[in-house]
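You will see two complexes here that share chain A, one where it goes with chain B and one where it goes with chain C.
Showing the complex of A and B:
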C-alpha cells in the first residue's frame, strides 16, 4: 500500500486566529447547484440559528423560459458599500479587516433598521435574543483557515470562498474565467459575493425572503412571471 | 405589490455613493480591493468580534474530531464529527472516503437533530392499557430484557423459531442482526427491499449475475448520461457518491445528461435535455433506442458477440415492433428525438451510460422494462469500460468472490451461527403451513422448493424475490399474517416505519393491533414512531453518533473500500446500541445462542471483525479508527473484471463444459461456474477468463429463469412477466385510461429520507408539507387554481397483483394543489414524508410535546426551538405537516419479483367545494 494520506482534520489544535485575506468573498457557481440545502442547513447547525431565521438559504425558482427549476443560494453579500452598516443606529454593524460585514451582538439593540436597508433580505431578527443576526463568513472557522460551514458542506463545488482581493487566488481566477457577476448589481452595493451563470430574471424572482418563510408558507417553488 | 413596497423602504437607506459605484463592481474583481471600502472607519478586530459571539460557538482549536459514517440516509458517507463539551456539534465529510470524497448533503446534519431531539426515547417503555392506546410506563432494562427474553425463549423452545419475526426498516449492521436471527433459528429476518428496489435489482442480477449493490457508473469519465427516471441529485441511495461526480462530469468535462421523467426533479433540472414522459413509458423509449442503435449499425458487435448470450439477429427480430414511432405514441417523446438521442448515446460509447434506478422499474412491467433498458449498455459495449456502466465488486465481504481478489478479508468474528434449515416436508415448520400454501410450494421448481423458508421469507408466488438472495416482499408480510399464511409469536420491529410508510399502511396497523395475529410486539427505535406506538414494549436505541457499525459498499471510484462507524459520544439517557440489546437477549434466551455474543464491549467485537484491516496500518486498529476509512488506492480500478483471468485457486481441479466453454469447479459437493474459456481478441489464444458471475458466465440478455419462475408461481401461459427475452408490455389499466384518470407518482425531497426525517427540525423547516404538484394545463381542464383543496381517490390496480382486478377504491385523501410547469399532464406528484402523526412535535408540526418521551426527565435535551417555535404549525398559521398519503396507495407487488409498483397508481382528483 502506498503512503498514507495525511489527516486534514487534525491540524487545528494550537492554531492562531487571523484574517489574512485582503477581501474575503464568495463565488457561487449556479451551473453546479442542485438545490440540496446542504449549505443552508449546515449553516443553521453550525451557528445555532433559530427556527424562522436564516443566514443562508436556497431558493427554488421556476424558470420563465422552460419547464425546469433553477436554484439560487443566497447569503449576506458582504457589500463593499453596505447599506446595513450605514443604517445601523448603534454602530453594531461593522467591517473586519478582510472586508466582511459583521454584527456585533453586544451593541445590537434589535431596531431592525439594517433589515429594512438590506436589498438582499440577508438579515433576520433573532426574536428570543432581540438581536439582528446574519452571515459573518463563519469567522470562528475562517479565522482558523477553515472554509465557512456552507462552503465546507457544499457537495458539488457550487460555493467557493477565497480572497477576491488577490488576483491570483484560485477563487478569484475561477470567478473571472467564468464571468461571475454580483446578484442584483443594480442595487449598487458592490457585493463580495459573485455568481456564475446568474441570469437577469433571477433578480426579480428572488426579490424577497427565503425559500419558505413563516409569512409565506405555501410556497415551495417560487413562481416567476404571471400567476398561472 | 409587497415586493415594490419593500424596495421603496430600502431605497431610503441606500447611499448615493453606493448607487454610483455600479460600474466599478465588475472591474473591481481583478484588482486588489483592500482599503477600498467606503466605510473604512468602522472596524472591529477579530478578538473583539469572537468575544462578542455567543459563548458556545464551536471552537475548532479545542473540539475533538472523530471520523465515523453518516446514517442520514442509506448511502453512508464517511464523515468527521466535532465533539465539544461532550456534545456533537458539527458533522462534515471525511475527505479520505473514496466514494463521497469528503462531500455530504444536508441530511448529515439530521444526526445532530435526532440525537438531541427533545422527544427522543431515552428509557424502555411498557404499555399500560390496550395496545395502541398510547399509554406507557417506564421500566428498567432488566425488566424489558426479561419479559422479551422469556417470550423469545418460549418461542425458540417450542420448536417453531420461525414464529419470531424480526422486521427492519433501517438495518445497516451489515449482518449483526442476522447473526441474532440465525442463532435463534428463524429465517424471518424481514426487510423492506421490495418497497425500495427489487424490480431494478432483478434485471441487474439476471444480466450480470449479481446486483453489485447498485449499478456503478464510471461517472467521472463519462460523456453521456441517459437517465430514465433516476434522481441521484436529490434522493437516491448512492446519490451522494454520484451527485458530485455527475456535476463535475457535466460542468468540467462537458458530459451531456438527458432525462426522461414525469416531474422536474433535481436531476431533471440539471439535465441538458428533459422530456416529460407518460409514467411507465421508459421501457418503450429504451426498446425504440435499441432498434435505432441496431438499425444505424452502431452496435459494438465485437462486445455483443463475445459477451451477450443471445445473437443480435434474434434480438433484432424480437424487438422490431417497438419502434421510435411506437414509443412516441406511448411516451409523448417525438420519434425524431428518440432517434437523435440514441445515436448520440451510441456515438459516445464507451464513455456513455444509462441511469435507470429507480424510476423506470417501479411499475407492474418494470422488471421486464428495465431488462430492455439494460440492453442499451450491452449494445454499445460500455459495460465495465472507462466512462461506462461499471460493475464494481461492491462491498468487501459476502456474496462469493468476484473482483475482490487480493483484498484483506473482512468477516464477522467466529463462531458464526449456522443458517436456519429450509421448510422441507417432515420439518415442524413445514407441517405448520396451511394446505393451500403447501400446494403452492409443491408447484415450485426444485431449485426453489429445496430452499423454501415459508411465505414471509420466501413467498412462493414471488420466486424471483429470493432467487439470487433473500430480497423478500415486505409489503405482503402483514396481509400474509392476516391470511394465516404464517404464524407469529413475537414480532420485533427494528427502526421500522411500515405503520406509516408502507403502501396501504393501515393493513400493517390493523395486523399489529390484533393480539391474536401478533401476540407480542417489541419495537426498537430512537424516537416514538408510528410503528413503536403499536408495540407492547419499546426499547430505545443509540443513534448513529453513539454506536459502532461496519460499512462497505460499491465504490464509484471503482476501488473497493471499507469504513467504520464509531461512537462520538455515549448514548443519551438509557439508550443502548442494537449490539448490546441483542447480546443481552441472546444471553437471556440461552440454549447455545449466547456463545455467538461473547463480547463485553462492542468495540472488541468490531476490532476482531476488522483485524485484517487493522493489519494494513502500521498503527493497527487505533490508526484505522483515527482515519475511519481503509482503501488501497494503488489497486487497479474495477474495469472489465470479466476479462480478468480466473483466480488460480479456482482453476485447480476445474472442468470445462465443451459446448458452452463454462469452467466449473466443485466445492463442498456443489458445482459452481467460475469462468469461461474465451479467445483472446488480439492473439487468438484461448484463455480462461472470469466472465460475469451468471450461470452462463455471459451477460444474460436471454434468461430462462423468468419462464421457470412463471411456471413455478402459476402465472398463465404466455404472461409477459415470464418472458425469457426482455419484453415490452403495459401496466394493466394504463391502456384504457379514462380522460380524467391521472397517475399518482410519489417522490422524496432532497432534505428528507425514508419517512424518518420529519422530526429533524432544520429539515422539517425547509420541507414540512406535501401539497401535490400538477401541470397548469391539467389544472385548467379541471378548473383548479393554486391552493385549491382537492380529494384524491386511488383505485385498486388491475393485473396479477395483491387483490389485483378487484373493482374497489383503496382510499381517498385531501390535499391542496400547487401548479408546476414541467410535471407531465397525466401526473399527480405527491411527496413522501408528510402527514406523520407520531415522531414528536416537530414531525407533527405542533407546538407542544405529547409523545411518551415528553414525560421523561431530560434536561440534556432542552431545545429552545422545540416545540414553541415550530412556526409551520397550524396553530401558528402555517400549513401544518401535510397529508397522509400512504394509506391510500395500494399494496401492489409486481409479478414474480414483488417490487412495489409505486408509480402505477391510477387516481382521480376532485375539487373540494
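Showing the complex of A and C:
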C-alpha cells in the first residue's frame, strides 16, 4: 500500500511566520463565479455546518436586464464597524488582531441579536446547539498558513484571501486593479470582503435570491418561503 | 412568515416579551402617578392602585422573561446574560434594567405594606420607579434599532411609539384590575387619556412608515400582505377604532370602558406584532 504524501509542515510554518495579517479579507471576482457551490459545500464539510445552516452561500440572481443568471457568493463580511459585535449582549463576538470577526461559542447565549443586526444575513442559528455561527475565515486553517476552505476549493479562482491591509499583497493589488467594492456600502459597516463587478441591482436581489435547501422534507426557496 | 432564521431572528416569544415589558412599564407609571396624584385625597384608593400596578408589573416582566428563556431554548444560556456584559449592547443593559426594576418593585411593595398608615414611598423611590419603568419601556426599541439593516426600526419613532404603547397597555391593565373602583369622574378622565393615546399612536405609526425607506413590497405586507389581518383587525378595528368609538359616546359605562381597555391591550399586541415581523423578512431588508 502506497504511503500518503506527508504534510509540508516546514512550508506551512514558514507561511505562518508571515502572520498575523494587518487586515484579513476576501476579494470575490464575480466574473469568474460559475455557481458551482464548491465553496458552500467545502465550507460545510470543513466546519461541520449543520443542515439548513450556511457560513457561505451562493445566491442565484435573475438579472433584470436579461434572462441570464448571476451568481453571488455571500459570507460574513468581517466588517470593521460590525453591528453584530455591538449587538451581542454577552460579548461572544470579538475581533481578532487581523480584523476578522469571530463568535466564541462558549459565550454565545443564542439571543439572535447578532442575526438581526447583520445587514448581510451572514449569521445563522445552529438550531441544535441554540447558538449563532458564521464564517471565521477558517481560522484553524489560516493559522497554519493555509487558505480558507472556500478559497482552496473554488475551481475558477473566484474567491481570493489575503491581507487587505498590505498594499503590496497580490490580493490587494488584484482588488485595486479591477475596481473591487464592498457589498451594501451604504450600510456603513466597512466590510473586509470586496466584490469585483458587483452591480447595484444585486443589493435587492441578494435578499430574495434563490438558495435551495432542504427544509421539512420539502425543497423550498429558503428566503422567500415560496415552495417549488 | 416562514422565512429562514437569518431574516426572521425575532419571533413570537419576542413579541410577547415586548408587550409584557411595555405593560410592566405602563403599570408602574400608572401606579406611581396615581399614588402621588391621589395622596391628598385620603380615600384609601391610592395604595390599592399602587399595589395593583406593581404586582401586575412584576408578574408581567417575569412572565416575559419566561418567554425569553423559551426563545433561547435553555435557562443556562439565559444566565450568560448576567455573567457576561457588553456595554454597547442594548440587550445587555436591558437585562440589568429589568433585574433592578423587579427588585425596586418588590422593595416598594414591602415598604407600602409596612407603611400602610402613610400611603407613601417617598420621592426618591418614586423617582427611581418612574426612571426604571421608562427604561423598561424604551430599551426594547433600542434592541430593535441596533439592527441597522432593518429600515423600519428607526429609534426616532420606535422609542416614543414603544413608550406610548407601554403606557397604553399598562394603564389599561391597571384599570381592568381595579374597575370596580371607577367613579364617573375617573371614567371621564380615562376617556380623555384614551383619545389622546390613540391619536398619538396613529401619528407615530404613520410617521414611522413614511419616514422609513421601506420598499413598496415591504409596505404592502402591512396593508394587503401577510400582516394585513393583524393591521386592519387587530390594530385599526380593535386597538384604535373600538376605544375611540367607546370614548366618543356621550354616556360612558364601566362595561364599555372595560371593553375599550381590553381593545387597547389587544391592539398594542397587534401593533407590536406588525412592527416586529414587518421589520424583518426579505422585503424589509436593507437595499430591498
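In this section, the second predicted complex is superposed on the first by the 190 of 228 C-alpha atoms of A that agree within 3 Å, B and C clash if a C-alpha of one lies under 4 Å from a C-alpha of the other, contacts with A are read in each partner's own complex, and residues count from 1 in each chain.
Keep this in mind: contacts are C-beta pairs under 8 Å (C-beta built on N, C-alpha and C of every residue); 3 or more make two chains touch, one makes a residue touch a chain.
Since we're looking at a predicted model, the values are computed, not measured.
Student: Pick one for A:113: touches chain B only (first), chain C only (second), both, or neither.
Tutor: both
Student: Considering only the touch criterion stated at the top, classify A:83 as touching first (chain B), second (chain C), both, or neither.
Tutor: Once the two structures are laid over each other on A, A:83 reaches both partners.
Student: Quick one: chain B or chain C, who's touching more of chain A?
Tutor: After superposition, B is the partner touching more of chain A.
Student: Quick check on the superposed pair: does A:187 touch chain B, chain C, both, or neither? Answer first, second, both or neither.
Tutor: A:187 contacts both chain B and chain C.
Student: Where does A:172 make contact in the superposed view: on chain B (first), on chain C (second), on both, or on neither?
Tutor: So A:172 only meets chain B here.
Student: Looking at A:153 after the superposition, I want to know if it touches chain B, chain C, both of them or none. Which is it: first, second, both, neither?
Tutor: first
Student: Could you pull out which residues of chain A sit against chain B in one structure and against chain C in the other?
Tutor: 83, 85-87, 91, 107, 113, 116-119, 186-189, 207-208
Student: Would you pull the chain C residues touching chain A in the complex into a rising list?
Tutor: 1-7, 9-10, 71-74, 77-78, 80-81, 83-86, 88-92, 95, 143-144, 146-150, 215, 280, 282-283, 285-288
Student: Mind pulling up the chain A residues that touch chain B in the complex?
Tutor: 1-2, 4-5, 7-10, 12-15, 17-19, 22-23, 29, 31-32, 34-38, 40-42, 44-48, 50-52, 62, 66-71, 79-83, 85-87, 91, 93-97, 99, 102, 104-107, 113, 116-119, 128, 136, 139-141, 143-144, 146, 149, 152-157, 164-167, 172, 175-176, 180-182, 185-191, 194, 207-208, 211-212, 214, 217-218, 220-221, 227-228
Student: Which of the residues in chain A come into contact with chain C in the complex?
Tutor: Interface residues on the chain A side: 83, 85-92, 107-113, 115-125, 127, 130-131, 184, 186-189, 203-204, 206-208, 213, 222-225.
Student: Residues of chain B touching chain A in their complex?
Tutor: By the definition above, chain B touches chain A via 2-3, 6-7, 9-10, 12-15, 17-22, 24-26, 28-34, 36-40, 42-50, 52-54, 56-62, 65, 67, 80, 90-93, 95-96, 100, 103-106, 108-109, 112-113, 233-234, 240, 243-244, 247-248, 250-251, 264, 266, 268-270, 274, 276, 616-617, 626-627, 632-634, 750-751, 761-763, 765-767, 769, 771, 776, 779, 786-787, 816, 818-822, 864-865, 869-872, 876-879.
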